[in-house]
Every structure is written in C-alpha cells, then in structure tokens.
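Naming follows writing order (A, B, C, D, E and F), and every chain is counted from residue 1.
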Amino acid sequence: MEKNRIYLLTSILVMLALLSLTPPIAAQEESIESLTESVDGLGTALTFVWLLLCGGLVFLMHAGFSLVEAGFTRAKNTANILMKNLMTICLGVLIYWLVGWAIMYGENVGGIFGFSQFCLSGADNSTWNAWFFQMVFAATGATIVSGAMAERTNFKAYLVFTGLLVAIIYPVYGHWVWSGADFALLTGDGSWVVQICGASFHDFAGSGVVHSIGGYAALAGVIILGPRLGKFKNGKPQVIPGHNITFGFLGVLLLWLGWLGFNGGSTLDGSDAFMNLAVANTFLAAAAGAVAAMILTWMKTGKPDPSLTANGVLAGLVAITAPCGSVENWAAIVIGIIAGAIVYAGVMFNEAVLKVDDPVGAIAVHGYCGTWGLLAVGIFSVGMGNGILDGAVYAAGAPGLLYGGVNQFMVQVVGALAAIIWAFVAGLIVFKLIDIVIGLRVSEREELEGLDITEHGIRAYPEYITE
Amino acid sequence: MAEMRKIEAIIRPMKFEEVKSALTDAGFVSMTVMEVRGRGQQKGLVQQWRGREYCVDLLPKTRIEVVVSERDVDKVVEVIQNTAATGSIGDGKIFVIPVERTIRIRTGEEDGEAI
Amino acid sequence: MEKNRIYLLTSILVMLALLSLTPPIAAQEESIESLTESVDGLGTALTFVWLLLCGGLVFLMHAGFSLVEAGFTRAKNTANILMKNLMTICLGVLIYWLVGWAIMYGENVGGIFGFSQFCLSGADNSTWNAWFFQMVFAATGATIVSGAMAERTNFKAYLVFTGLLVAIIYPVYGHWVWSGADFALLTGDGSWVVQICGASFHDFAGSGVVHSIGGYAALAGVIILGPRLGKFKNGKPQVIPGHNITFGFLGVLLLWLGWLGFNGGSTLDGSDAFMNLAVANTFLAAAAGAVAAMILTWMKTGKPDPSLTANGVLAGLVAITAPCGSVENWAAIVIGIIAGAIVYAGVMFNEAVLKVDDPVGAIAVHGYCGTWGLLAVGIFSVGMGNGILDGAVYAAGAPGLLYGGVNQFMVQVVGALAAIIWAFVAGLIVFKLIDIVIGLRVSEREELEGLDITEHGIRAYPEYITE
Amino acid sequence: MEKNRIYLLTSILVMLALLSLTPPIAAQEESIESLTESVDGLGTALTFVWLLLCGGLVFLMHAGFSLVEAGFTRAKNTANILMKNLMTICLGVLIYWLVGWAIMYGENVGGIFGFSQFCLSGADNSTWNAWFFQMVFAATGATIVSGAMAERTNFKAYLVFTGLLVAIIYPVYGHWVWSGADFALLTGDGSWVVQICGASFHDFAGSGVVHSIGGYAALAGVIILGPRLGKFKNGKPQVIPGHNITFGFLGVLLLWLGWLGFNGGSTLDGSDAFMNLAVANTFLAAAAGAVAAMILTWMKTGKPDPSLTANGVLAGLVAITAPCGSVENWAAIVIGIIAGAIVYAGVMFNEAVLKVDDPVGAIAVHGYCGTWGLLAVGIFSVGMGNGILDGAVYAAGAPGLLYGGVNQFMVQVVGALAAIIWAFVAGLIVFKLIDIVIGLRVSEREELEGLDITEHGIRAYPEYITE
Amino acid sequence: MAEMRKIEAIIRPMKFEEVKSALTDAGFVSMTVMEVRGRGQQKGLVQQWRGREYCVDLLPKTRIEVVVSERDVDKVVEVIQNTAATGSIGDGKIFVIPVERTIRIRTGEEDGEAI
Amino acid sequence: MAEMRKIEAIIRPMKFEEVKSALTDAGFVSMTVMEVRGRGQQKGLVQQWRGREYCVDLLPKTRIEVVVSERDVDKVVEVIQNTAATGSIGDGKIFVIPVERTIRIRTGEEDGEAI
C-alpha cells in the first residue's frame, strides 16, 4: 500500500509535472502563432510602405515628364503641355479606378482581358496598395504620348485619347503580362503562347507594358497628326529648339529618381532582396545610356549634345526596365549603351526616314528602347535560380541566348511584337476615330499663335520678352 | 554719297520668317530685329487668368530695321508689305526715317559702302 | 525491491526527462521573448522609417509652395517670396523645437494648451521622430499665409508673424485636436465639447489643424494688409498674371507628392494598413478636384484655365486631408469634386464680394476647402469598425450623416468653427499688433519697384528682359 | 502483476506523454528558428528599403546641385553646367562600379587603400545595396567641384577630373574612414593614428569624406583655373549675379531633402533608432545656418541676402553631417549658427584674400564647413553610451571637449587635416596634369561667348531675350 | 501730305500704365513699346549679390514710340511729359524724329491715312 | 538751339561693357540700350539641337542709342568705333539720325539743356 501510494503519488506528480509543462508549451504555441502573425503582418506592412513610397516616386515621374516635355518644346505651348500632363495623371487616377484596374486585374475573360472589380469594388487595404502602385504606372503610359504629340494637338482630343488609353489600351496588354491569370495571353501557364514558346514572357517593370505601349501608341498618333508646321522644309527635317534646357534636365533627373520606384518597387514585395539588383542595374544602364548617347553626338557633330544625352538617360532606363532583375551588372551596362545608340539612331530615323515629328523623342525612347529592353531579357537573362539569381522569385524564368537558352528569347520576341502591334493598331484606330469626331489637330492659325493662348487663353511667361 | 534711309517695319511675329526670306531673296540681307509690343487699330487679345478674362491691348510684334540707300527704299517697302500683309487688322506699319550717316564699325567705311 | 528499484529508476528517469525538457522550454521562452522584442523593435523601426520618409515628403511641400507662390506672382517679387518660404521652414524648425512642440504636445493646461518639453527637453528617439513629423506640418501652416500676402508684405513683419504662428496659433489648435490629452478641447474624453456632441472631433491629417488655421489666418492677414496696388480698379477686380506657369505646375505636383507623406504618414504607425486607404483616397480626391475645377472654368470662360485647375488639385487634397482614412473611394471623389467647385467659387467670392486680394488662392484652397474637409468627415465617414473600416484604429469614431450618424457631424461643425474663429481672431490680433509695431505693408514705391530690389537688393532674373 | 502492469502501463503512458511533448517542442524549436530567420530577414529587408530610399534622396541632391549651380551663374553657361552635373552622376555610377568601390571597400592594402571587388565582382544583394548607397555619395563629391569651377572650365577636362575623383581621390580617403578595415588609416583599431590619438576618427555621414574632399579639391581647381573674366578688376572682386534665383532656391530645398537620406541613411541600418536624432539635428542645423547667414548679411548690407541665406542652409547641413548622430539638439543649432557665419566669412575671405573665384560658394560651404563639422564632433560629442547616446552603436566613440574628452578632438583634427591635405594636393596634381594634357580652361573668346554655344552648340533659353 | 514725326519717349516702367491711359484718352491709341535699359543723370541702383554691393548703372526703362502728324507732336509730348514726370532724376527723355514716309502694311495706305 | 543727333550703334554684346566705359570716359554718360538680333555680312552661327546642326542667322547684338548735339557726333562715333571694332565680320554699324526736338521729362527743358 505504501508503495502503491508512493507510486500513485509519484505518478500523479509526474502527471502534474507533465500537465504543468503543457500550458507553457500551449502558451508558447500561442505566442509563436501570434508572433508569426506579427511577423507576417510586418512583412505586409513593409511591402505597403515600400510600394506607397515607390509609387510616390513613380508619381514624381509626372513632374519629370512635364518638365522634359515643356523644356524641350517652345514657350508658346508650355501651359498647354503642363495642362496635358496634369490632366493625364488626374484622368489616369480616376479612370484606372473606374475601369482600368478591372480590365487589367479583373476576372480573366478568354485570356484576353479582365472584367470585374470596377470602381475597385470590394477593395481592402491590399487592393488599395496594389491599385495605387499600378495606377501611377498606368498614367505614365499616357504621358509618353503627350510628349510626342506636343505643340499641335487639340486639348480635348488628347483628353479623350488619354481616357481610352488608361481604360483599355494599357490594361489589356497589361492583363496579358501582369494579371497573373492562368490564361493570361503572354504569361499564363495555360496560354498557348507560353506553351508554344516554352517560356513565360518576362517584363519586370514594364519596358513593354508601360513604355512600348506608350511609345507605339505615340507613333500611331504622330502619323495621323502630322508634323508641326515648319518641322520639314522640302522634306528635310528642320530644327525647332526647346525653350528651357534647365527644365528638361531637371525633368530627366526626376524621372531617373522615379525609376528607382518604378523598377525597385516592381518586385511588389518589400522583403524581396532582389530589389537591390534591380536598382543597381537601373542606375548602371541609365548612366551607360547617357554616356553612349553623348559620345555618339560628340562624334557626329563635334559637340556633346545636351538634349540627346538627356534622352540617353531615359533610353537606358526604359531598356533596363524589363531585364533589371534578371541580368548581371555588366549586362545592364551593355543594355544601356545599346539603348543610348538606339535612341540616337531612332531619333534620326524617325525624322529622316519615317518623316514623323516627335519633339521630345518619346517614340525612340519609349517605343524602340522598350522593345530593346524586352529582347534584352531574352538575351542577357541569367535564368531564375542560376548564379546571381539564386533564390530569386521574380525574374525571367529561363536563361537568355547568352546563357544557352532560346525559349525565353522566343517568347520575348512574341511579347515585344504583341506590344508593338496592339499599341500601334489600337492607337491608329482610336486616333482616327477621335480625329473624325473631335478633330485631332488644332488649326494652322492656332498652332502658329501657340496653344497656350488659343487653348487656354494664357501665356506661360507673360513677363518675359521672347523671340 | 548715297542718301540713306532707315526702314522700320512693325510686323506680326508669325510673319517674320516669311518677311526675312523675302528680303533675303530681294538682296537685302542686313537687318536688325527686336521684339516689341504694339497697339494700333487692332483690338487687344482677350486672355484669362484664374477664371477671369481680361484684355491685353499691347500685342507682341516684331520690329525690323533695315538701313538702305534712298533708291532701295521702295523695293524694301514693297517686299515687306507684300509678305507681311494678311489683310486683317494688326498687320503693322512701315516707317521710313532719314539717316544722316552710316558707319561700318569694323572698317570705318561710311554710308553707301557701309551697308 | 527489484520492482521498487525499477520503479524508482523509472521515476527518476521520467523526472530527468521532464527536467531535460524544462531547459529547452525555458530557452524557448527566452527566445520567444527576445523575438517578441525584436518584432516590436522592428515595428517601431518601420514606423521610424515611414515617418521620416513621409516627413521628408511633407518637407518637399515647402519646395512646392515656393514654386506655386513664385510662379503665380510677378517676377519682381520672386526672390522675396522664395526668401519668405525658406525662412518659414527655417524659423518653423527652430521655433517648433523651442516652443511649438511644448505648447502642442506638452502637459495639458486647462484643456487649452500644453506647457512642458520646451526645447524638446528629455527627448529620445521616439520624440525626435514624432517631433520631426509634426514640425514639417507646423511649418506648412505658416507657408500658406505667405502665399496670400505675397507681393506687398514687409519681410520683417512676415518673419515675426511666422514665428508667432508656429509658436502659438498653430500649436494651440493642434493641442485641442492632436495632443491626445484627456481634456484636449475637441478630442479629449474629458472635454465638455466631446461630451456634449457625443463624438470626438476627427481631423486625420489636418484639414483643420494645418490648412484651416493657415487659411483663415491668411484671411485676417489680407484684410489688414489690403489688396496689391492695381488689383481693384473702381472696386472691380483686375487681373495680375503670374510670371511662370511651369514653376506653378511643378509646385503643384511636388505638393501632391508631399501629400502622400502628409496623409499617408498620419496614421503615425508604419504597420497601420489603413495608410493605403488614406493614400488611395488622397489621390482620387486630388484628381477629382482638378477635373472639376477645369470643367468649371471651361464652362465659364470657354477655355480650361491652368492655374485654377492646379488650384483644383490642391483643393481636393486639402479637403480629403481630414476624411481620407474614414471614407469610401467614391466619397473621396465626391469630396474632391465639391472641393474643386469650392475653390473656383471661393476665389471669385473673395475677389468680387469680400474684395480681398489673395494672389495664389490660398484662402479658398486652404481655408474654405479645409472647412469643407472637416465637414465632409461628418457626412461621409463610414464609422470606425464598420464596413471598410473594419479593423481600423485611427479614423472618425462615429458614422457620418450619410450613414445615419449625427454626432460626428455635430462635433465636426464645432471643430471647424473653432478653427475659423481661433485662426481668424488670433490672426487679426497678431497682424494688427505687427502692423502697429513694425508696419505690415511696404510703401507704395517699394511695391511698384518690386520687393526683390527693395527688400533684398537683387533681381531674381537679372539677365532676362521683362515687361 | 496487476500493479506491475498498471505500473508499466502508466510508465509507458508517461513516456508516451513525454514523447508526445517532444515533437511540439521540436516543432516549436523549428518555428522559432524560422521565425528568427524571418525576423532577421525583415530587419535586413527594412535596411534595404531604407537605404534604397535614402540613396534615392541623395541622388536627388544631383538635381539640387544642378539647380543651385545653374541658378547662381549666368544663362550663357547653363546647358554646360547641367551637362557637367549630369555627367558627374553618370560617370560616378560607372566608375564607382568599375573602380571606386574596389579602392574604398576592397581588401585593405597597407592601411592606405582597398584593392579587390573591381566591377563589384562576387556581389550579392547586400553588396548592391551598400554599393548603391555609397555610389550616390561618391558622385556627390565630384559635383561639388563642378560648382566652384563653373563658367570657364573645359568640358572634357572636367570629365576626366570627375573620373579620377570618383576612382581614386574620393575612395582613398573614404577607405581611411569608412572601410571598416582593421588598418584603415583614421579609424582602424590597428592604425597608428588611432592608437596615438586614443580615439577613432568619426565622420558620420561625410563632412570629411564627401564635403571636405570635394571642397578642397575644388579649391585646388579654382587656383589652377583662375577667376572668371571680369571677376576681379584691379584686384577687387566684382559681382556676377546668377541668372535664376528660383532655380537656386529650389535646388537648395532639394538638397536639404536629400540630406535627410544622406544623414538619416548613414546609420546603414534600418532599425537603428538613432536615425531620428540624426535627422532632427540635421534639420536644426540647416535652419540655424540659414538664419545666421541671413542675419549676418542683413547687418552688413542692410538687406537679407537670398543667395547667401541659401548657402547658409547648405553650410549648416554640411557641418552637421559628421556630428549629427553624436550631439544634442542645442549643439546642432550652435554648429549650424557657426557654419552660417563660416560660409559668410569664407565667401568673403576667398574673394578678398585668396582672390579665388568660386561662383556658388562651394569651397566655403563644403570645404570650410566640412572641416568645421569634423572639428565639431570633437567638441560637442556626448560620447557613445552617455546621455542621449545610451544604446547608440554608431556615433563618435569618445566625448568631445565640452564633455571633458580630448582624444576625440585630437583625432578629429588629424582627420580634418588629412582631408584638406589629401584633397588639395591630389587635386593640385590631377588638375595640373589635366591642364597640361587637355587644357583646363576654355579660351577667352569661348568664355565670353558662353560655354553653351562653344561647348555644346546650343543656348539654354533660345527664346528669351537676355542682356 | 502731312509731315510725320516719331516721338520716342523713354520713361519709368512704373509710369507706363499711366502714360498709356493718358495717351489713349488724348486720342493717341497707336504706339509701339519696348523694354530698354538706360542711363542718364540718374545714379544707378545699388544692388547686392552674395553679400557684396554693386551699382547697376543701366536701369530698366520703357520706350514708347508714337508716330503722329507734325501738328500733333506738341500734344503728345505734353501728355507724356505731364504723366511721366515724377520730378526726381530718372524720369526720362522725349525725342522727336522726322519720319519721311509711313505705310500701313495691311492696305498700303501712306502717311496721314496710315496712322 | 543746338542741332541734335541720335547715334544708333549696333555692336557685339561682349563689347558692350568696353564701349560703355569708353563713352563714360569721353563724357557721354547718357544712353539707352536694348538687346536686338541682327544679320549683316556675318555668317550665322552654327548651333545644334538633338544631334542636328542648323544655322542661326540672327545673332544677338546690343543696340546703343546716344542723343548728342551735332558737334559731338564725331567724337561719339569715334569712341564707339574704336572700342567696338574687333576687325572680324559682325562688328556692327553706327547710324546717325536727325533729332528734331529733345525734351527732358522731369523738367520740360528742351534740346541742348535736355541732354
């Protein structure tokens, strides 16, 4: 009995000891759970903070575009350009809220576009965060067009076009690439394009989605619009200098800074360490583009040309936008150099061969260099998981040509062509329609007088005496 | 010694390029140009600022000065008048003013040789 | 004995096993504790980072204000305006450190103001962080006044006023609203206002604290100061165009970007997900304000007016500042549209009826739209915890009129009136005193000559020929 | 038997119970480990985000410098100044990637410089992050020089100098201070300098590394270059006003904002709470510097001088750059006030005594105030671990003179002198060599005509009529 | 054919609006205006830059040109003199210059009809 | 009553300071100056924009007007010519134009006394 009692007692004690262990273990379980939640929450919070701030930097690009476009055109059209740029972002905000997001990120319809969440219905903080970051991108696409069509476009016509670009042209292509839908035309696992090419199209931050779309829609626009009066004399391109180089350069620097948000934020994850690679490559390509463009103009005319050098920065930035998270530093520099050459050649080609008039070089910068950036992914990508991309979760999936892969290049060609065709054809149709209904171009008299007076009744610099 | 005249023409800025070409073609390359503001019979331009309309009565004009020998005056006036006229109010005026002496700073040449 | 031994042995083994479990559990306890600390630390760090960066964006608003005020006034007063704006932030930093913070966040005295922590005595990193973010707001309030009083105010007089605004006028009202003190007049649980109204005044980021205060102090200022020479001819308002629209528009875009920090940061918590709602609403309202103002001017004069459209952006931003974290997206758009209309009507009203001269529209933008923003909280607020505000911790407590609540609206009316009365009366007194002691206005000759030459001995653009 | 069975059963149950506890404990172990990893990862991610954004703000300083330098010089040299500033950052990016980083942070060679990691070989995301933040600093050093040498320097010569500064002059001194190498001349534990002085040189964010180096290299430059034509008449300094004060002031505000990243980011750790002290002190010193400079000019000429007041902001910022994380708020204000006085006196001294021509005051701002900032560390530092620096991990180690310490002051004097001598001598040699090989200065005719036309074939403002 | 004269008045910019109104009231609507800088007996203006004072001796002035018939010269001169004078140094000068011909570009009308 | 002349000199902007000093030293302080653009025998300036060269044929010039008595004309012309000439094309021109009357706005003094 004694023993039994002892035995029982001991057993009970042991049981109690065990039980006494259980609550701390359970409590720990709980604190671990709540900690995990906190940590997850912090991760989300960091992403929120990061994307809001990156979105802010991308928003700053609208100031950059305004300044570049105003600075590189004549003083008599400055207020008009500023109004166009301001309205681009204003309409962009509203229309991307109303329609654009729904078409881009709504429920997939036939692999071609989304169609739900109009007016962000059902949004929560994650949605607002994502919408905000995407919205500043959407508006950027439209702004590109305003530069190419500067100094001669009817204000109302431009507004209508901007609305349609943000509502339809931009988000449809965006859906193909960034919606994450299973059947998304260029990136979905279930898409025939992806299956045929054997790789998914990769456009990290939008060399295609934003810049190609903007650039080739602009090309369609300037073709229908025609050149500014006096731009061509007997078919030979003439020079129409911009009125304020300081504005232009300030604009370029603001754009460059904005690109930190544009490319850095495009991991869409505040904890994705590869934002650093993306940013480093972005700055290398921008610098390389500028130096290349400067040297080219130096060799051609004997003097380093400021406005083309500034364009060289943008060329490098546009080109590296797609590949910045997938390539090595040296490749970023090469991509930038080639972009610098493309922008120079592109500007010359547009004027001398196509005979189109693009006052700020938007088509060469955003269109041609955008295409180049998409192809560069297929050439220089290391391949996700390889080398420097060990541990990466958002980069071009397959290696590029230089690393022995072909599939990625194939799909990049397809995606690049899709952007060109879609933007150009949709642009042609929309601009033609607008031309018929509203009239795309101001009258000759209005153009000579300047759009500031005729469209807005003001002069941008009423006190300065100008030529 | 040729008699010299200064022809001062006040024209529309947007006509300037045309007038300049025409003068060049007619052999009158030399000129001095300045931006001025002017008012004549032309009603001013209605502009607006912060939602309020107002009339700017002094409009930007371009003023061309060409100094020529007396015998060329008619030709210059004709060229300018032909190219600068649009027929609507605001086309501007041409004034012909006597010049007593003309000196080329570089060489010190005077009058006829100085043009 | 055998059994006993076995029994004992087993018991000991079990005990040992139990003991061997205890240390890992204790160790885990410790690591969990240190983890919790790390996570808390990270949360704090994220808030620090977020508020420093948001504070930086708010600081950028000083560049925005400088440009808007300079661009929308004449070139002969540009250097003076820039100096005033620069000194506003410089004095703001110093005086808010010296006095302002103490009055605003110091120990409550009679529910009316704070009074401790002068010179930030006893500050640690949390205080510095909070001070920094609040300081950039304080200086903003003063800058608003400089715009309204541009082109005719004595420089020294303006400096004295700025000092007093940052030291007293701003922080006293700020104390009522943001101090968190139990007896804080408009928000403290113990305040009679809150008790009578049955709700606590909500001014998320300062439609009242910053903008109303600045706007109505400006109104007092321009009344005492009188209009610029030539602004009224036989009582009819005349037009005095600004000298550089590009500066004005760049300024507006920088202000807009700054508002991302202004409103986004005002959750004061880097982990508060509702920063996303705040930012989304901010951008929607700004865009809506601009579009509304543009359409109104278009309808009135036949041409979309650039400078009023730019004001429309600011109107939307000021109005959404209070409600941005408490209303749905559609409401933000409505608030913005109404703000756009208010700014247009307000500018006309000020000139045609009040006959006051406010070159940049600061009173309409910050005063009237600030009041509108405060009222809008009482109309459109969803109510904390309801609908989209499920889980929110910093929003208007009670639902607005549209959601069946009356109390929130009542307290908003009271708070809005308090801001008007306090700022206007304090402004009148201070400006009158300054006028008597220093002289508020420059001489007629100085005004004609331009303040740049007479106050600073320079011309802002000495090489340009100006009218 | 019964009992035994029961006993056995119980024992087994107990054992099982114990075993059943082990897996949750092991699982918890694992989740704690993975949590720890997540938390560490988040900490790193926060640092990444913080440094990228701070780096972005520092990058914005290039826009600031461009505007200040353009605004405070004549319109005929504007495009040239803008090109120089743009190329500074472009070359800075490329050369700091190619060489600069390797010399600064590569494997230490004899305590004097680093030598490995050329082209960032072997870089991962941490390296890219660090490189990015350091790179924007490096380019800043070069930009300082461009301001002092404005309006008369051969473009090609300037480019070559910039390359050499970023490749060698800047990173060598940087290695002495920031490399963390054991034998780093001014900060390494094993360095004889540190051992003799008994304290490690502290230059938080670069009053020395960035500003002194830039400032004294600039001094060497302007001595070899000579003053602008017309700057001195019979040995008496003449006035050459800048063409656009608005650009200058916008530039100063952008620089100020950039300094938030410059100093705030220099903790190099997103979780270091002392970033708040650094930022608060930065703003206090900037404001104090401006107010001091304004009052001084007001007393001297009877009018508050805008461009020197703007310089006062920069003076305060440069001076607080080294001590901002080591001193109390009041000390920051004192440091700023003295910096404001130094910049005024320095500008006068340079013109009247040294007879050197520095159009934007870069030598006084960055050189003299940089030195002042380094010394201020040795005077005002609280000492790491003392008072407000309780818990700080990155501040001046020893207390300053005011707190009874002498060693820190000693080593600061040595470090400050080292910066002066190294930058000035290296600058003299490099500029002399460039002068011989390329020719440092443009011809008299080119200078009169303006560098925009002669170096770049354009005019920055072709439509404005200028004097 | 009326004899024409060009009246060139150099006045203070801040007096310009007043002079313009007065001329309008007196029936002389047409004019051409330009911004010039001038120096006379007026001491220059002391300005400062970066803490150093200096004297700008060429001050901004507004130059008005009115071409009228000889008989209107006195009236125009009087109007300008009355409104532009402040009595302190720097008020400016009026020069009267003979004009040989005047042509309206729009119509080709000459002289008297062209004004 | 002294006969008055207006001397209009169009010179290189970069020569302006020198000419101004020389005129001052020679006792001719009063002048009116404006920025103009001009074209003469001087070939234009080749500039570039976005990689494309073009020729700007109107170059910035500074125009000085000095009104003096007839007897001072030679001196003024000489001073200007001596200081403004560089010997290369583009140095500019001097025109001498008769002035019928000169009025000092401040006092109403005429002609000789008005200078």
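Rule of thumb we're sticking to: a residue touches a chain if its C-beta (ideal position, glycine included) is under 8 Å from a C-beta of that chain, and two chains touch if they have at least 3 such contacts.
All values reported here derive from a predicted model rather than from experimental measurement.
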- Message: Going by the touch criterion stated earlier, list every chain that contacts chain A and also contacts chain F.
- Response: B, D
- Message: If I superpose chain B onto chain F using their CA atoms, what angle of rotation comes out, to the nearest 5 degrees?
- Response: 120
- Query: Pick the pair with more C-beta contacts: B-C or D-F?
  - Reply: B-C
- Message: For chain A versus chain B, what separation do you get between their C-alpha means, in angstrom?
- Response: 50
- Message: Centroid of chain A to centroid of chain D, CA atoms only: how many Å?
- Response: 31
- Item | Interchain centroid distance [CA atoms averaged], chain E/chain F, Å | 18
- Spell out, as numbers or ranges, the residues of chain C touching 2 or more other chains. 3, 7, 14, 18, 21, 25, 28, 32, 35, 39, 42, 46, 49, 53, 241-242, 244, 301, 303, 305, 307, 456-459, 464-467
- Quick one: which residues in chain B touch 2 or more of the other chains? 34-35, 37, 47-49, 53, 97-98
- Message: On the basis of the stated criterion, which chains touch which? Give every pair.
- Response: A-B, A-C, A-D, A-F, B-C, B-E, B-F, C-D, C-E, D-E, D-F, E-F
- chain D-touching residues of chain F, taken from the complex the two chains share: 14, 17, 35, 45-49, 53, 60
- Task: Name, in rising order, each residue of chain B that touches chain F in their complex.
- Result: 4, 6, 29-34, 67, 97-106, 108, 114
- Report the residues of chain C in contact with chain A in the complex, numbered from low to high. 3-4, 7, 11, 14-15, 18, 21-22, 25, 28-29, 32, 35-36, 39, 42-43, 46, 49-50, 53, 57, 74-75, 241-246, 249-250, 252-254, 256-257, 260-261, 264, 270-277, 279-280, 283-284, 286-288, 290-291, 294, 301, 303-307, 309-310, 313, 329-330, 333, 388, 464-467
- Along chain C, where are the residues that touch chain B in the complex? 237-242, 296-297, 300-301, 303, 305, 307-308, 311, 344, 347-348, 351, 361, 467
- Note on the structure: Seen from chain B, its contact residues with chain E in the complex are 5, 9-11, 34-41, 58, 61, 63, 73, 77, 80-81, 84-98
